[in-house]
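There are two complexes below, and they share subunit A, which is joined by subunit B in the first and by subunit C in the second.
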Partner chain A sequence: MTPVRTAVVATGQSDHGRRFDASMGEIAREAIDRCLGSRGLTFDDIDAVVAGNMEMFEGIYLVDQYLVGALGALDKPLYKLNTGGTVGASAALACYHLVASGRHKRVLGVGFQKQTEGSAQSAITTVGDPVWERAVMAGAIGNFATMASTYIAESGVTPEQAAKVAVKARRNACLNPHAHLQLPNITVEEVLESEMLAYPIHRLDFCPSSDGACAIVMAAESIAADHAEHPAWVHAVATSHDQQYMGDSPKRLAVMRSLQAATKKAYKLAGVTDPRHDFDVAELYEPASYAELAWYENVGFCPMGDGGKLIDAGVTLIDGDLPVNPSGGVLSTNPVGATAMIRVAEAANQVMGEAGEHQIPGVRRALATGYGGNAWSDVMILSRELPATAEVSA
Partner chain B sequence: MSTQAQAFNREQAIRIEQQITLQYRFAAGHHASRFFTALRDEGKILATRDAEGNVMVPPRPVCGLSGLPMTEWVEVGPDGVLAGCTIVYVPFIDPMTGVQRPVPYGFGLVRFTGADTSIYHLLDATEPEQIGVGKRVEAVFKPREERTGSLADIRHFRMVD
Partner chain C sequence: VAAATDTWIIGLGEARTAARRDDVSITELAWEAVEPALRDANTSLPEIEGAVTASQDFWDGRTISSMSVNELVGGVFGSEAKVASDATLGLGYALARMEDEDQHLNLFLAHAKESQGDIHTIELAAFDPYYQRALGPDDTVVAAFQAQLLYAQGLFEPSHSARVVAAARAWSSTLEKVSPQDVLDSEPTADPLRQLDRAPLLDCASALVLADGDNARRLGRTGVRLVAAASRTGAYWSQRPELHTAPEARAAAEEALSIAGWELSELDAIEINAPYAHQHLIVGHALGLGSGEELVERFEGDGKGPAVNASGGWLGGSAGSVAGLHAVVSVAHRLRENGGRGLVHATTGVGCQSHHIVLLEAAT
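And now, the complex of A and B:
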């Protein structure tokens, strides 16, 4: 079977932040209405729905049942996923597969999280293996802090270089009306002086807890041009997992084996040979400042160990050679079930030329990544050009 | 009576408070049971090894790297090195007790001597200067009569370097 060439043709996001005014269904619907509304689409146009969140943040299981109405999924195939932090990207990948398989023409993907409703740190604890990991867990922050210590030992990256990432994210966020943390006057000094959460991670080195939702529509080649002037064509999708326990990867963060493996597969499919120059923009899933620097290395934007130099040179700033997270990234907005789909949606917006004030001029090709759980990676490559081959999945 | 939607005042939004307590009793399985029994009764750290020589803690039936069964048991540690480490300052509820852990506390990935993988555990350090990747640590066991057969039978890891 030859797959169908597939594109993102519409995206929509809720306002992200502390949304005590909106229920889970309402915030999901806010993103969906904006997504469908932007193209004059209705639920009648949607063949299937893929939804994703992490249930323990709200403590509501079977959200797909409670949100059938909000998701417009009555009498339609509705698939609910949870792959941890990656879930938004996994849902986007699932949308891709449902269209590329030829089964459906238009599929709606929705990622959502009301992260302020429960205890984020307690919810993260339930991610840990109950026998081996929960007894001593210190939440996402303790996990990222130990990863950062390994990365510092490997690369010699400095707190100042990490702080530059934190500053870049919150300043970029000021150009994104959906972003949660918009800090126009933030400085490197302010990041370094912010409260130490877990050494070496300061409060401003870390992502916030946000409420929010994101929606996308993926469409088949036969109709994609009906919905978007410049569809964001899927040129590669790839997923890689690592081993099961937190301590299984010898140099976590410094060497993110799953991200290296997923990007390697995706680059091969999309014909990317020089990622530093072959991409015009990237939306990387960076829950901490140090993570973004490590991802630069692991996705091949620079040699291993040179992540700090890339931010020092300003390459990844919004006006740099290869802007990373012009949306403000995860450091500015983290409704975890939506977060990885926001990466896909923002990358698609850049390719479609519809990113608004944070649009990078002349984007042809964009990279989006999702990160979750222990060390799982989703990768999607989107392009303005129709792919030469429809074989884009690994 | 008007049924028109009124402008919604976000400040007046109602929030419903609930508390859910769920209790579980997890089967550790025979690999973990053997590990915890040796830890409790003999103060030994056991790992599994495959035919390629990969030695893994936690012990497991199959090596994720080679795909080979891990049929051989070997003793590792009780000393090792830090593969990653931090000092935690943010208050965190201990999921085993429901009580907030006193901060600051040390936390890290310990690679036992003889093992290829690491486990997370607590460190007897409270200052960043005391810890570091590659530094040597040693397991501090609870007294035999306090050990129950869990990872908490190791009280923490003592900084040796």
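And now, the complex of A and C:
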């Protein structure tokens, strides 16, 4: 069948941070209530629910089923996707496919995680092969220390350039009432003097561990305008993976092959030929400062090796030509199950003109990416324009 | 409500199932299912446009459990998405990916290597951390509560469940045969359950190749159509006073049958998948297949209508996340040979919280 044109019509986020005041279900519900409440929707309007959460990261197994009431999924189909850091974006993509296929008209996506109740790094360590990788690649920091070391050697990017990304993120976060790390006076020097976690990653080069949730509603063309004055239309979605073992993928992460493959597919579908100028804003999933610089290159915002030059030129600052992560990004907020869905929601908010103090003027087209697992990438392109063709996935 | 689909099951494959497959990694185990499915479909990985997989994290000792398999389902620089549930729910998502023309040739895989997980620890984590976990419960404890409630209604008794186990083992090509008395004499686990009431933990994998109509015809594999999928989720077990019922199974079946335009009486194959024997009686009753002796005889192949669980089902040798797909593979083989229509049910969650239904039909 011809796919149904589909849009994000509502978003909501909890307040992110160390949420000792609320349970995991309450945090998820905070995001859902803000999402549905913004459009006068109720659970009765929702046909199916897609949950994104990393199993056991807060010590709960089958957390979607445990929280079925809070998620509004009683007597409905409840899909749980579980794809690592990408999970929030994977859930958003699932919302898209469930609507575009004609199976449902309104689908609620919810990403959530309460990391203060678990040991995410212990769980992430099991990403690695138990024999070959686990002993030397514990947690996410080890992976990105390897990435950053490789990236420095390959591109000549400097710690100062990476620190500029860290500063940008935390200052942008001050304009986002939901963000976890809001550091208005942060400086490059402060980043470089912060604790060394694993060379060359300083504490302020890395994302926090947050409690939080994000919710979105995707709707079919026939009803999208009933819910949003300017729906954020999905113009392209794509997923790509790399190989299972880091050793199979030379320059892995520094050269993010899956992100290159996914954006290539998505750009073709959406008619993007000059990503540096065809997008008005981007929300990239950057777990570390160095990653954002590398992602600039891998999504085609600049030639390979020039990521540092882009931040030096101020292009990706909130008042630059192509703002990246005006929300504060992952460096400011990282509730794993929600993190990639936040990228989609923030991109949608920019397109809908509803991003509040961090709204970029005149956004017509936005890019959102998710990162996770063994270098997986999810990509979604959102636009204020209705897609000319309904074929937007790959 | 979605319309009936034009999606075809064109390739079937399964790994060798055993209690411990120490001879293979998770990746190799899954390939044992994928390779024959591709061969059966007359296709190869480069033609596959995307994959959907089903598995649960940590059951094989690892987070993001599909990392072990995405390179063998075409996911390297291609697309793979993992649904953390029984494969029958995942098939609903795969159908969506086909129906919106995202994929025209899809590889669907479910895998589990339960011998590598610490199952009690995982199951314990499904319980409320403040009010329940300190008591050390697991799925068997809730299943026991459920069985007590069921038997108290008077429609079923433990001997019925024992006969369901014996029937499953009789159909099984994996597990040794047992008698109903063997089940009743096996080690008590949580009153009134016995060890043999629970499906054993196994290492296994099952795979399908799905194709749209054009590709199915191109590859000469228009044997079985995947007609409909539906799912419903109920409340968490402790918030379900009527834990011995499964209205969600009935609702999902009614939706799927409505999409297909079929009646329950028109089915030639029915498969029910749950980890404990008495849960098959609960679901069978909810689906309208009868109660008491009448329903038990359906599992034994002696009742009115087609046998229920002629594959042996989960009790006859499969695993969490895989069980529904194992049944789909079995039903698809039978429909290829004999024609007709089939229904496959599977459940996810503590005390059967979610119920999923898929419908299949042989080409006429």
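What we mean here is this: the second predicted complex is superposed on the first by the 393 of 394 C-alpha atoms of A that agree within 3 Å, B and C clash if a C-alpha of one lies under 4 Å from a C-alpha of the other, contacts with A are read in each partner's own complex, and residues count from 1 in each chain.
Keep this in mind: contacts are C-beta pairs under 8 Å (C-beta built on N, C-alpha and C of every residue); 3 or more make two chains touch, one makes a residue touch a chain.
Keep in mind that what you see is a predicted model, and the values were worked out from it rather than measured.
In the superposition on chain A, contact of A:S101 is made with subunit C only, not with subunit B.
Applying the stated contact rule after C-alpha superposition, one finds that A:A145 touches subunit B and leaves subunit C untouched.
In the superposition on chain A, no contact is made by A:M352 with either subunit B or subunit C.
Once the two complexes are overlaid on the shared chain, A:G59 sits against subunit B and subunit C alike.
Contacts of A:V131 after superposition on the shared chain: subunit B is touched, whereas subunit C is not.
After overlaying the two complexes on the shared chain, residue contacts for A:P250 are found with subunit B alone; subunit C is out of touch. In the superposition on chain A, A:V344 makes contact with neither subunit B nor subunit C. Applying the stated contact rule after C-alpha superposition, one finds that A:L269 touches neither subunit B nor subunit C. Once the two complexes are laid over each other on the shared chain, residue contacts for A:M1 go to subunit C alone; subunit B is not touched. More residues of subunit A lie in touch with C than with the remaining chain of the pair subunit B and subunit C.
Shared contact residues of subunit A with subunit B and subunit C: 59, 130, 242-244.
Subunit B meets subunit A in the complex at residues 8, 10, 13, 15, 18, 20, 24, 26, 28-29, 32, 56-58, 60, 64-65, 83-90, 92-93, 95-96, 107-111, 116-122, 128, 131-134, 150-152. Across the interface of their complex, subunit B is touched by residues 20-21, 59, 119, 121-122, 125, 130-139, 141-142, 145-150, 152-153, 195-201, 242-248, 250-252 of subunit A. Against subunit A, the residues of subunit C that register as touching in their complex are 2-3, 27, 50, 56-58, 61-68, 70-71, 75-85, 89, 92-93, 95-102, 122-126, 128-129, 230-236, 239, 248, 251, 348-350, 353-354.
Within the complex, the subunit A residues that touch subunit C are 1-4, 54-56, 59-62, 64-66, 68-69, 73-84, 90, 93-94, 97-98, 100-104, 117, 123-124, 126-127, 130, 237-244, 257-258, 261, 372-374, 391, 393-394.
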